[in-house]
Amino acid sequence: MLLFLQSLINGILLGGIYASYSAGFSLIFGVMGVINIFHGEMVMLGAFLTYWLFTLFHVDPFLTLPLSFFSLFVFGYLVQRFVIQRVVEAPPMISYILTFGIHLMIAYSALWVWTADFRTVTTGYSGWNANMSGVIIPYARLATFCLALIVVAGLYFFLNKTEVGRAIQATAQDKEMARLMGVNITRIFALTFGIGAAVTGVAGSLISTYFIIFPQMGLPYTIIAFCVVVLGGMGYIPGALWGGLILGVVQSFTAAYLNAGLSGALTFILLFIVLILRPAGIAGKGIVE
Amino acid sequence: MFKQWIPTSLLLITLCLLLMPLAGFSDYLIRLLAIIFLWVGKASCWNILSGMTGHIDFGAVGYYGIGSYTTALLMSKADVPFFFAILVSGLVSSLIALPIGLPTLRLKGAYFGIATLAFAEAMKQIVLEFDKTAGVRFFEGPHGITLPIGPRNEFFYYVGFGVMVVVMATAYGVRRSKLGYALRAIREAEQAAELAGVDTLRAKVKAYMISAFFLGLIGGIETYWLTYITPHMVFDVLITIQMVVMSLLGGMGTVFGPVMGASFLTILYEVLHRDFPYTYTILVGFIIVVVVLLMPKGIVGTLRKR
Amino acid sequence: MKESKVDTPILEGRSLTKYFGVLAAVHGVTFSVGKGEVLGMIGPNGAGKSTLFNILMGVYAPDEGEVVFRGRTISGLSPHKICRMGMAKTSQIVQPFKEMTALENVMVGGLHGKNLSLRDATQEAEKILEFVGLGAMKKAVSASITIPDRRRLELARALATGAEVILLDENMAGLNPTEVENGLRLLTEVRNQGKTLVVVEHIMRAVMEISDRILVLNYGEKIAEGTPDEIAHHQKVIEAYLGEKYASDR
């Protein structure tokens, strides 16, 4: 019973982590139809930013979050504005290939500059857990889980209650109409990408406090983001939560009851099956080409 | 006017290539050319499906890896002779391509790309976990398999050359056949092709299985040459990426396009990888970005220009 | 409404209904076409004509109702199967295989719609191209062919599949009067070869001239059926196109 509960908690926390860095992926696809293969690199960049600030300047990871948000926002905005913007009108396959190229460039440049060493951010409080009658809940992961909720809620609020957010939604639903109503589509796209990047970077920063980080860590994260978002529905932000939770719990139980390594294989098999059987996601609210 | 010289020049080039190892060229050059031959083969395989139909497959390495492991197992555990082993590898890959292809080839555009990528990564994970799950004990260390030391580079030079010719001939044959018409129609206007009587799913699956067969075969060949493989080596997504870029550069859907692309990238790799190990990959990424951005209609533009 | 029942129809639609979301694009449409007939189909934009064609060709499966072709229920079959059974369609927005030559375009129909060998398909394609008047362009890459000629190419491709019933979705849209004349002449020749045609057009004159009977759709439903003459004076049809006021003034 304890194993069950622990696995469940682990799964939920893991799911929250997954959701936190997948929401941005969903947003970007939902608004501009871009499948961003270097999404994982933004997690990696956020993580490394925090790592270097911590290692070189002893800045507490949680204090690096604003800087991470801002830096990744700028990065995302610029890359979208000057590179990806050119292919937003083309079929999603094109952005898939383009962002794959960018993924290679970023990941391997990082590998070159920072070497392949594994690194972690270990603060004084890294090992702190809450212990609820035998079930261990690490604070760091709990923090990320809360972040996930904040991110999804924040994005939801931003998209529905602010003027810019509504402009983004309008653009997502009907680009031509939005353009006719005076929305600067190019700027909206760049903004959206920036926000998606920023949110993902912050998730990366937090992740550095309990996962091992290394320059090639990006692609697996990207693939998990795919999985989460396909499960939850592409372009449907709250779906990132559901998708993340489902995936997290499935992986957790697989690792606990079957085999740790198998959970990796299971992710892909699950993704594969969902793509074939229910491309619009569990709730059916996703965008299917 | 030039066209009539093509068969003759091809024959001459073929003759030269066949004689090169005997003419005392350096082992390094022989090895380099063999690598190029095999890459032309791989890129051509990828081209048979993706180049001709426009459905970009990102999981091609999955079949390469399946072929690699099949040959490795057959040769190291069952003493199966090389040529038989690679044929079986091709068949196994091809057979697996059927149940994978049927559902995925119905998907559109990027979803097909994601699904195939997921397939290749899943294969890697499955092989990584195979021994624990199935309780078998034939992997050593990081799930690697060692094969007996094989013949010298000349052997692989000729085998590579042979395979390259076969794959290219197959690509050529497919292109001019009924299937070729179907595939090209699918690339141009899939729905119109359906309406004109083309069984689009079947045509795509056929091309997919042919491609998988040769990828598995080549995987087997390279395994014997490498003599040691691990899942990370033979299910590496970078192998797929290089196939994609070689075809992109050389011209998708053409028969000789991969030759250009493969030669260029292989030489680039040779030049860079010793001193600048990561620069090659960064450059590949850069090439992709440039190719996509410079084509007015992205990859489709390259497809159109052929 | 007059229901003209055909004795042994080659193609029938029975209560065909198709929803997109909550909107019924096509609702309860029943019709039949006799062998060798030319059935015209008209209606304002958005009346459901293209959707109906797509249902007939298997691009969509109907939510309700059936499509019966040569006595066999074909609703829900895939388009290529329906094509091989003998029905073909030209699209409103022409879709030539752009990188392929005109000849190759037509050959696809023969190779896969009619299952011919390469040699037979080539010969047939050449003949058909001559028939539609594109013989001179057989080696031209279809991307370089003008829109009016592309429409003929679509028709040629449909003919190459060996289809007995051809659905023409606004095959003459955007053509000038001379081109329309030529188009009509071509259709008449096709008809004279024994083909059955269902023609959707907005050019009233063309439809009236060539159709034996006309079907009128509006908001996804059939509102009238009859000879061209009957339709021209039908109150509901006039209402649909010109508005109630004009109709009641007559």
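As written, the chain order gives the labels A, B and C, with residue 1 at the start of each chain.
Basically, a contact is a pair of C-beta atoms (placed from the backbone, for glycine too) under 8 Å apart; a residue touches a chain by one contact, two chains touch by 3 or more.
Please read these numbers as outputs of a predicted model, since none were measured by experiment.
J.: In terms of Cα-based centroids, which chain occupies the most central position?
T.: B
J.: Going by C-alpha centroids, which chain is farthest from subunit B? Tell me that one.
T.: C
J.: Nearest whole angstrom, what separates the Cα centre of subunit A from the Cα centre of subunit B?
T.: 32
J.: Determine the centre-to-centre distance between subunit A and subunit C, using the mean Cα coordinates as centres, and give it in whole Å.
T.: Distance between chain centres: 49 Å.
J.: Centre to centre, by mean C-alpha position, how many angstrom separate subunit B and subunit C?
T.: For subunit B versus subunit C, the centre distance works out to 43 Å.
J.: Can you list the residues on subunit B that touch subunit C in the complex?
T.: Subunit B reaches subunit C through residues 177-178, 181-182, 184-185, 187-189, 191-200, 303-304, 306.
J.: Under the definition above, what is the set of subunit A residues touching subunit B in their complex?
T.: 35, 83, 86-87, 90-98, 100-105, 108-109, 111-112, 219, 223, 226-227, 230, 259, 261-262, 264-265, 267-269, 271-272, 275-276, 279, 288-289
J.: Spell out the part of subunit C that touches subunit B in their complex, as residue ranges.
T.: Touch residues, subunit C against subunit B: 57, 59, 78-81, 83-84, 88-89, 91, 95-100, 104, 107-109, 111-114, 118, 143, 157-158, 160-161.
J.: List the residues on subunit B that touch subunit A in their complex, please.
T.: Touch list, subunit B to subunit A: 56, 103-104, 106-111, 113-115, 117-119, 121-122, 125-126, 128-129, 132-133, 237, 241, 244, 278-279, 281-282, 284-289, 292-293, 297-300.
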